[in-house]
């Protein structure tokens, strides 16, 4: 267990180029346990790319990702869940052919105790494993208020509900770090619930949040990092960020136009 | 050296034929995301028609023209009757349906023209290390490939066809007549396929004559990158020449294994073919 | 809204599960029942029907393996005949060169050999998608049997190998074919128990997750590449066993038996039966055997000119493929389910109101 | 004028729209609001012909749209920016844009329209020859809107255009819509969950809930109606 | 597979025989890649059986001829043969076609005691009376034929360089065994072909490069034609010597005829074929003066006038006729044992120009061949009369025996 105040994740000197385009340039960022860090910035600023590097989808030209003091070397996305890092996707990324319950169970794989071989023959603990996973998945669905949809296929559910399923799939793994890529997009009525949820998560895990909904960002984040053209142009508390003229110019626009309203 | 040259030249004209049939596959794949297993059979029927017309009229070129037209009609009919109903179904459904069509058409060919081989002439004199006919085959395939490429890449029709293929619903809301585009795609492909059939068939015509060519054509298309007409042409020639060397230096029984080996090696290095664009799923 | 950090004791769940047998045991019991049914069936049918039942058996395991691969992980293989080829030659070579091996060992090794090939093929295939995979596997189906011509002396060239396996213990007074049918089905059902376990368990879920969304699957901690290879492996083991059983049953292993047409029929069976369902695999295997038989019988009863008669079965078979796919989007199994739905609906008559 | 009357749409047993009636004046901006699953997307898809209606009729400019194929509707000047943008990722940015105006005869104007779009969204011009798959989420949204504008539509259907966009860009798009309405008389149907930003530029608003219209009023009135806001709009 | 008791089981068994019918079956490649070339054999056979039936059958029994398509796929062969035996309860299998296919059912047929007559293949395996007492060959076996070819070449083309061009299977292997007894030291190059690969230009180029003046082509007809065309393509003019399976002038000229019309007047099928040397054991259909050819042509014209009369068709007709003879010889109440005895009796004298090797100790089909040359008008001239030999290293001797005429055999008459 990492103690509060200790850096759980450190991203250091990260540079990513796609051909001639520099998507990230010398980005530094650290995440303490039990905090919510917001990453904001204009479209194309490199936020998703940052997540992609942390998850191992994109290899940086330089820089490193340090997890609990250990640099992650040539890590691959599938290792992350095991390390305690879980990410939601900017789209939905639900498994269309799996029921809601199965979707969530698929995310709970890190809790399975048996290896591939016993699972292959269905022997030993593997049966009990399955019911454990199902129980966890149901519990998480219950917490998100969608337990009654367990046996439905995600395709027929409204977008907002699907987002919750995706969130449940992430939470069921009980990660130490949750990377949320635009969790509020497509949600509006549920924004309040979402912010409550994120705040409650803070007790168990750190959260990095990429989001364009400034209300949400301002409410839940302990710290905010602002990217523009791949560079960190500002970092600080939400209040500091909101007051920063560079941020206003690059990202927020004329504050009169987007009056916060909750 | 002499042998090397002969094998190279032989490989080039064989490769042209693989490229042509491969091109037909690519056009359909681009248009409808379907690998058309019935392609050799569509070409087969039109080649048989060419045979009958040539036999009846004595004119090779009349038969040639009839084959291209008949092929186009067959392609259009296939799309309308068999492929369109499968629009929203998995790729497997269309694989099986085109496979079924392959069997039906081969059987029909056998019923009408019997399973015994028939003599089917070359377009031009076939004699010589690189004969007039070889030259014809290579040139016409290159010309057709260039035409297809230009249509796809630089014309509004091509853009519409690609849009219809990649995202039918979106294309529709942009005013593209998706159904028409798919039909045009099948028609075009079947015309090219029929041409390939006419070029590949000589000297003999029988119901399974294009099976082997089809396997190599698919290999060529996959080698080149199924979305890429240029790659398919290159893939066809690479495969044709490569297999010719294998046949000449290692023995004919090694040809199919070599095709497999070439394909596997290429795909391991480049999973979307030599010229295919890797499809990156953005996260 | 809170998130727990420790496992909740969901007693209701646990109790509900306890009443059910562990899946392995449950599936084994089903298999025993199925075996009894097959034995009964062979006893009331004639010898030739026995052969057809045995044929359905080995196709069933091949189709089930392919169903697992194609239906669950979405990898389309047009070359599964290649694994049957390997299984068949493994049995043939063992029977000829190591006659001391018992039959079960031959069959086990055929499965292992198929699996090894599947491992290699799967490793190459894991990076391929859609038509690229289809093309590569088709090349496998075409290319691999050509090995026999490369190693004429060992593999018998295009004539292949013929042999007879004497499996029936002396003193057992039942027709050889019936006995063979039992062996085939026993092996198939043992393998099927494993396949069912995989499909219904965690691995099956992982397979389907990988099929639906590779990126999301990897973020859920599923090793995408390894999962795909595993699916190929399991499916190739089934193919190898099917080939081994075919060799055992028919006493032959020859390249002419493992044409691309075989691979394509296996895939056709997967689709005809109902993609992704193991019951579908059974219907697919039955269809494979009986559709062909029917189309031949049909050609027999119509007295036609020879060219027409010769080609009629092929045409009928082709038409069946087309019609079934067009008319039954979810295959025969889907048709059954629909039928069941129709039969049940009047009984339940439940208003299906969606809550948003 | 867009007239929708008694429109019902269902997905199998799921009823997504139930007797919806909507009227939009020419040159108006109308917001369609509602929670998740209210049927907003379905409404737009039905107008543009992608989803067949069970019952009811839709007419634009006096012409009946019900039953027409989507491409016919599009060629009648109705542009639809679907939920999530619907960018064709396999095509380049430029091809995506060109596609938007391909059915229009006027070649010169097609080029001019492209220049205007590039001016509106400079990031697109920089990447015009790149496949759209390399665009970020927000850049795709820009492309989708730009593509719709390419056809110089008379009716523009926008499904959650602000989804994934930075506030600055959202504000800019709203500004653009306002300008276009003023300069070309464009009619806009704007579907948004972000009711606040939608109503800030709309003249009128419809609120959907469970497939039915539960409120219609001017934007100002809707913004002022606290009860409604809490009940259906969540803010 | 040991099956010594096979013959015993067969004793007195008259499965497939009723008062007025005898049911027999065969497996043929009617569809698929091997169909071209072979799909007409059963057509010829059926015509003869029809003629027999129309003449009142054999001893009052009509022959019910069941043809199963195996597509040249051994798995299917096993299935269809079991179907014929178990379900259709055939009396015998007649003329099952192909080495890779038929070799998979020999054990089964012998174990079950089913007569397996006149196998359509020249493999050596059918001649094994100890292990396969029910199985009888038909064609001259490939080694015998190779020997006769080899001797002829050695005598006629002494000192010339020889190249082999052979099908990559037992046809090629067994023929070479025969050829090598005579012309091994003259042979400068050996090339093979794979029937799946129709581009034979590389092989012909290699034969040319090695300077082969005589090319021995152990090919099926399509590949003979392909070789001739490939040679023409590269301007190579060797003396072709082709074995019986691929030297049917009627089939070849049919395959090559259309090249006369295109690609320059200098290529006509006649020119391409003229001078080609072949071996055969049945009379050539072009020899209209031969009494058997005339006889079968009569049946052809009556029952299947639309089919081109080729040696392939003729092959099937002779096969059917020969079975008819054996059935007749088996007496008024045929059993499986009796027909096997009739086959081995050595009494079958038939349309072939060389005798069958059938006896108690040999189940080999035709035992020799004659050599012919194709004339510029695609008729043929016999250039070496029939000679016979064994499958070992025995001598080749001219065959002087008398051939029965159709009238003498008088199968159709009462």
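Residue numbering begins at 1 within each chain, and the chains themselves are lettered A, B, C, D and E in the order written.
In this text, contacts are C-beta pairs under 8 Å (C-beta built on N, C-alpha and C of every residue); 3 or more make two chains touch, one makes a residue touch a chain.
A quick map from chain label to UniProt name: A, D = Branched-chain amino acid transport system ATP-binding protein; B, C = Branched-chain amino acid transport system permease protein.
The structure displayed is predicted, hence computed values, not measured ones.
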Starting from the defined contact criterion, work out which chains touch subunit B and subunit E both, please.
C
Between B-C and C-E, flag the pair that has more C-beta pairs in contact.
B-C
Euclidean distance of C-alpha centroids - subunit C vs subunit D, Å
49
Subunit A-subunit C separation of Cα centroids, rounded to whole Å:
41
Subunit A to subunit E: how many Å between their CA centres?
75
Give the residues of subunit B that touch two or more other chains, as numbers and ranges in rising order.
106-107, 110, 114-115, 207, 253, 255-256, 279, 282-283
Quick check: what residues of subunit E touch more than one other chain, meaning two or more?
30-32, 35, 39, 168, 194, 196
Going by the contact rule already set, what residues in subunit A reach two or more other chains?
48, 55, 57, 89-90, 156, 158
Give every residue of subunit E touching subunit C within the complex, in rising order.
1, 30-32, 35, 39, 42-43, 46, 68-69, 72-76, 78-79, 82-83, 86-87, 99-101, 103-104, 106-108, 168-170, 173, 194, 196
Within the complex, subunit C is touched by subunit A residues 55, 57, 76-82, 86-87, 89, 93-98, 102, 105-107, 109-112, 116, 119-123, 126-136, 138-140, 143-145, 148, 156, 158, 169, 171, 173-174, 193, 196-197, 200-201, 203-204
Subunit B-facing residues of subunit E, complex
30-33, 35-37, 39-40, 168, 192-194, 196-203, 205-206, 209, 222, 225-226, 229, 232-235, 254-259, 261-264, 267
Residues of subunit D touching subunit B in the complex
48-50, 69-71, 73-75, 79-80, 82, 86-91, 95, 98-100, 102-103, 131, 133-134, 147, 151
Per the touch rule, the subunit D residues reaching subunit A in their complex are 11, 14, 35-37, 83-84, 123, 134-139, 141-142, 160, 163-172, 193-197, 200, 232-235
